[in-house]
Every structure is written in structure tokens, then in C-alpha cells.
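Heads up: the structure comes next, in C-alpha cells.
Letters A, B, C and D mark the chains in the order given here, with residues in each chain numbered from 1 onward.
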Amino acid sequence: MDSLRRLEEIFSHFPGIGPRQAKRFVHYIQGKSPTAVKELTDLIQEVKKNTGECNQCHRFFTNGSKTCTICSNPERDQTTLMIVARDSDFETIEKSAVYKGLYFVLGGTVPVLDKEPDKKIRLKSLLERVNKDGESLKEIIISTNTTPDGDHTRDILKDAIKKIALPQTKISVLGRGLSTGAELEYADSETIRNALGNRK
Amino acid sequence: MDSLRRLEEIFSHFPGIGPRQAKRFVHYIQGKSPTAVKELTDLIQEVKKNTGECNQCHRFFTNGSKTCTICSNPERDQTTLMIVARDSDFETIEKSAVYKGLYFVLGGTVPVLDKEPDKKIRLKSLLERVNKDGESLKEIIISTNTTPDGDHTRDILKDAIKKIALPQTKISVLGRGLSTGAELEYADSETIRNALGNRK
Amino acid sequence: MDSLRRLEEIFSHFPGIGPRQAKRFVHYIQGKSPTAVKELTDLIQEVKKNTGECNQCHRFFTNGSKTCTICSNPERDQTTLMIVARDSDFETIEKSAVYKGLYFVLGGTVPVLDKEPDKKIRLKSLLERVNKDGESLKEIIISTNTTPDGDHTRDILKDAIKKIALPQTKISVLGRGLSTGAELEYADSETIRNALGNRK
Amino acid sequence: MDSLRRLEEIFSHFPGIGPRQAKRFVHYIQGKSPTAVKELTDLIQEVKKNTGECNQCHRFFTNGSKTCTICSNPERDQTTLMIVARDSDFETIEKSAVYKGLYFVLGGTVPVLDKEPDKKIRLKSLLERVNKDGESLKEIIISTNTTPDGDHTRDILKDAIKKIALPQTKISVLGRGLSTGAELEYADSETIRNALGNRK
């Protein structure tokens, strides 16, 4: 394969990008000045080089130390650990500014029929963390998507954590019900059941 | 206006129908056999004639008595009353088969800036019902959309009911949080806050 | 089936309407005043009663005579006949105000695999018309959708008309190419071929 | 701005990419192996280095010579020149395999209110080409989008070319009418007019 086709192929694996848009990306780059193209490749290299995985929560960050700014912030609530699947989930939660505890990024989810969860998510590393934190951990919040894969991952996590967490550590999941802006008429039966069960 | 234009106009007020589709409805009827058109108008008249408003919950029903099949069913939980805005909300809840109590249909919602709630919803009738049921009423569940109008209506109902309900009657609203199939990454901050606040 | 379900079913056959919206139509009618419902059924009956099929072009019209206002208008170009599939196509053409001749409404199209075209469209009646008009007919314009069914119908019409039309009668089809607002990059190959072949 | 934000910003200028997806691109790159990231930046640099602008048609190509494979192909019809706005238009036309002549890529279009067309498109270079080709040029096909900007660009090109082309050189534009798959009922009046005017 020549370099043009190979670059198209790589772009077509970018999140949300198909073959046609990948081709447009290549044209876009071909039409840019050499200076602009050099800035792009330099930045990609620089960002990648500066990107570290936090040795506590495993999210990507770029401040050059081993532990990210949240994990090393003493003002965060050290007794609560939220488990999320991906960096993008972490960012959405953090942007909402309602959670003050620590995080653990799984690095993915376990598909419903998958037999080897440990290859898809950082399960071993998570359990070591829970074990090490011991009695200082008052609550573990499992924050997965409410999709089949997310629910499956939640169940795997719950089972695995229950076996090793101390009895006083609460294991919770995000509340389910009507999302903001929902119209009752179009809600599915499971959401109705959750909204009714979680009424208050 | 001739009858053709007037019929188009009436169809254009049907829920979800615009002028173009209203025109297609008229063509569709013009192309039907006289027998089929007669069946349609007979059915519309018959359904309208047989439609009563239940004297308890105010929903439309067609069994010919004054009280609907749910309100007159002794097996329904007589101690719980769910308030919904419209018949279509009632149907979605009933289809989910998770609620076993009684209903009250408001007949609408109160827009955010509306000053006269009593003209948009059956508030007076609702309060009479709550008053009459008295201590037999253990819980009132307000089930409105989580839209601005729905939230506004919920607040109006809560205030009005609190003033007249007995202290032992619980007033609740549907739980909020992640709906089924939600992806955390795309959740709005208010939904995150609700999902976190309602974790369990 | 009770009248409520039957009315829902009839509405669900209206153009573009599914079961859920059909149900909302029924609710909408149930919630209307008896006067409004009577106006609706009276108008439907009236429109149907007044609707005639023009004995020349076969479109629906409501002026009470046997021939529609266009077919009986001496100012229309009597030498040109446009064949369209449906009344709605006729209306779109007429609204564009660029065509000054007469029409013939087929009443449908012939699906690609259909073996009996005469049951789907007014082919016999069309051929009688072409035959009767004879040498006064200078051009027949076949205006079908450019979909597979439309193209199939066009081919059937072309073959049938050629056999009986006088040699001096031109048989034409609508021009193909780029529609207004089209972006070349997203055009399909057949449209490109037509646009190139019809360049001018 | 740190390198992370700057890279996000650059990605957000890629065609069809907004801020949110740009952020996901950065995450995607952060999660890739160093080898994969190096392959990406190497390919971008290589493609850019190998990309030349053809000295005849001005499209991007990568075969290392000064003239592209189409312009230097003696089997292409040397008497016909098609003018397109962008490389992506060239690719769509070429993929349809119906055009056998040569191309000229304008490099853009002239927005409707723009006063300086020469800054947006390679007008001067185009006119030199037309001038140089002289009587060997039998036809110039202007293939612009049928959008307001495309039509405006077409008018500018027509005027400018007419002034300098030889009288025997035909100047044509792509045919307009119904595109493949079009439904007559939903066609706009201008498309109807074109389809009728270009009937055959």
C-alpha cells in the first residue's frame, strides 16, 4: 500500500471517522502549508511524549509527574473512589463539578459475551488499589454506561470488588431514572421502572 | 374558505402534522372508496360518542360507565395516586406494568411563564380528590416530564398539595438519573448530578 | 376489534402515519369538542362527496363538473400532454408554474417486478386518450420519479405509447442532471453521467 | 496555550470536525502506542513531502513528477477541459468514469458577495491555460456545485473565459434536472423548470 492509502486507512480508524472523511483529511493535509503540517506532526509527537498514564487512576495526563493533579490533590475526598470506563467519561464527570473524590479509569468495558474481562479492563490493577486503600475507602462508585456492555462491566466489577473490599466499604452505582429533558410518553419501560423505584 | 382548504386546515392541527402532510391526507381521503370514507367518519363519531372522561381520574375511556376500568378495579392499590399530565403519559406508565395504584390526569402542563395554572390543568379537581381521599391516601406520585414546563407544573402541584394533604401522605416525584442506554460521556451536568445524588 | 382499535388502524394507514401517531390522533379526537368532531366528519363527507375524478386527466377535483378547471381551460396548451403518477406530482408541477399544457394522472406506478401494469395504472385509459387526441398532440411528456419504480413505469409507458402514437408526436421525458443545490462531490455516478451528457 | 489545547484546536479545523471530536482525537492519539503514533506522523510528513501540485491541472498528486498522471496521459481527450472547484470534485467525476478529457482545479469557489475572485480561485492561471491551449481546445465544461456560490463562480468563469477563448471553443455547464432517485412531489420549482427545459 502506498503512503497515501495507508494514511487514509489510519485516519479512518480515528473515532467517528469513515473512509470518505479520512480521504478528505488527507486532502486537507495536502493543501496545508509545510509549516502548518510540521506544527501538526510536532504537536502530535509532543503530546504523545508528554502524555503519561497516572500511576494512581490510570488516566492520561501531561504534567510530567507520575501522579496526576487530581490523585495528588489533598483536597479531593480520599475516601471515595469512582470507577469510570474511559478518559472521556472522567472528563464529563469532572466538568459537571459535582464529584469531589478520586477516580480509577478502567481503560474500556467488557463486552457482554466476553470471557476474559481482564484483557479488556484494568481489573487486576483496580483490585490491588481497592486492597491497598483498605479501610480508608468508604465508598466505591461504579460509573458505567447504562448500555448492555456497561451493565455487564458493572456486574463484573461488583462481584470482584465485593470479594476483596472490607465490609464497611459501600459499593454503589449511579442512580437511574428520567434524564433531564425526558418526556414520559417516550420513556422505555425499564426507565419507567427505575424512575418509579427511585422516586423520592 | 372552501371545504377542501378547511379540511386541510383541520388536519394540519392534528398532532405532528404540518400543512404538506395535511394536504396528502385530503388526497388520501379523496382517493378512498365512499364505503371506506363512511367507515372512517362513522368510527370517528362512534369513538367520540362512546368516549367518556372518567369521573375519578379524568382520562378518556370508552366502556360506557362513569368510572374507568382502572379507577373501579378494587385490586389496584387504592392508597397510591399518580398524577400525570396527559392520557399518553398514562398509557406509557400503564404499559410498563410496574405501577399498581390509581391515576389522576391533569389534562396538560403549566408553561413556565403562565400565571393562571388553573386554566391549563385540573388543579381544583385534583385538590378536591386529594381532600376527599384524606387519610386513605398514603402516597401521591407526581409524574411530570423533566422538561422546564414539566418541572414548573411539578412545583405548582407540590406547593398546592402540601397545603391540603394530611401530614402522613407522602408526596414524591419520579427518580432522576441515567436513563436506560445512556452513555456517560454525553450526559449533561444536571443528569450527572442527579445520577450521583441518587446512587445506591 | 372494538371501534377504538379499528379507528387507530385506519389512521395508521394514512400517508406517513405509524401506529403510535395513529393512537395520538384518536386521543386528539377524543379530547376535541363534539362540535369540532362533527365539523371534521362533515367536512370529510363533504369533500369526498364533492370530489370528482376529472373525465379527461383523472385527477381529483371538487368543482362539481365532469371536467376539471385545467382540462376545460382553453388557454392551456392543448398540444402537450404531461403524464404524472399521482395528484401530488401534478400539484408540485402546477405550483412551479412552468408548464402550460394538459395532464394525465396515472393513479400510481408499476413496481419493478410487477407483471400486470394495467392493474396499477390507468394505461388503457391513457392510450385511448392518446389515440383520440391523434394529430393534435404534438408532445407527450412522461414525468415519473427517477426511482426504480418510476423508471420502470416510464419504460412501460414509452413502449406502449410508441406503438399507437402518430409519428409526428414527440415522446419526451424530464431532463436529468444536477438538482438545484447539489454538491458535485456527493453526486452519484449516474447523476454525473446524466449531468455530463445533458451539458449545454 | 499548551500543546494539548493547540493540538485540539488544529484537529477542530479538520473538515467536518468540531471541538468535542477534536478532543476525542487527542485522547485517541494519547492511547496509541509510540510506534503507531510515529507511523502516523511519518506518513503525514511523507504524504505532504511527496504531494505536488500538478503544473497543468493544479490538483494534488504524489507521483513525484511535475505533471500528474491524467494531464500526462496522451489517451485522454486533449480537446476538452473540465473546470472543477476542488480535488474532491475531481475525484467524484473521475470515479464515475464517464469523462475522458482533462481537468483544471480552481482551488475553491467565489462566495456570492466576494469582490476579489482572484484571491479565492486560480482564475489567472486558468485564463493563461485557455489562452495557451488556443484552438486545440474544443470545449470547456464548467462543473461547479449548483449552490449559490457554485453558480456565482460559474458566472464569473463564463464571463472571463468568453472574453479570451476562441469563438470555436464551446463553453458548457453541467446539465440540470432531476437527480437519480428524485421524487417529483418533493422537487423544488427551479429543478422542475430545469427538468422540463432539458426534457428529451
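Note that in this section a residue touches a chain if its C-beta (ideal position, glycine included) is under 8 Å from a C-beta of that chain, and two chains touch if they have at least 3 such contacts.
The shown structure was predicted, so the numbers you read here are calculated from the model rather than taken from an experiment.
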Item checked: Interface numbering overlap (same over half, different under half) for subunit A and subunit D -> same
Item checked: Chain centre separation in whole Å, for subunit D relative to subunit A (CA means) -> 40
Item checked: Rounded Å distance, subunit B centre to subunit D centre (Cα mean) -> 54
Checklist line | Junction residues of subunit B, two or more chains touched | finding: 86, 88, 91
Check: So how do the chains connect up here, line, ring, star, complete, or something else (other)?
Finding: ring
Item checked: In contact (per the touch rule at the top): chain pairs -> A-B, A-D, B-C, C-D
Checklist line | Residue ranges of subunit C in contact with subunit D within the complex | finding: 84-86, 88-89, 91-93, 95-99, 141, 143-147, 150, 172-200
Margin query: Looking at the complex, which residues from subunit C come into contact with subunit B?
Written below: 2-4, 6-7, 10, 14-16, 21, 23-32, 34, 37-41, 43-48, 50-51, 60, 62, 86-88, 91
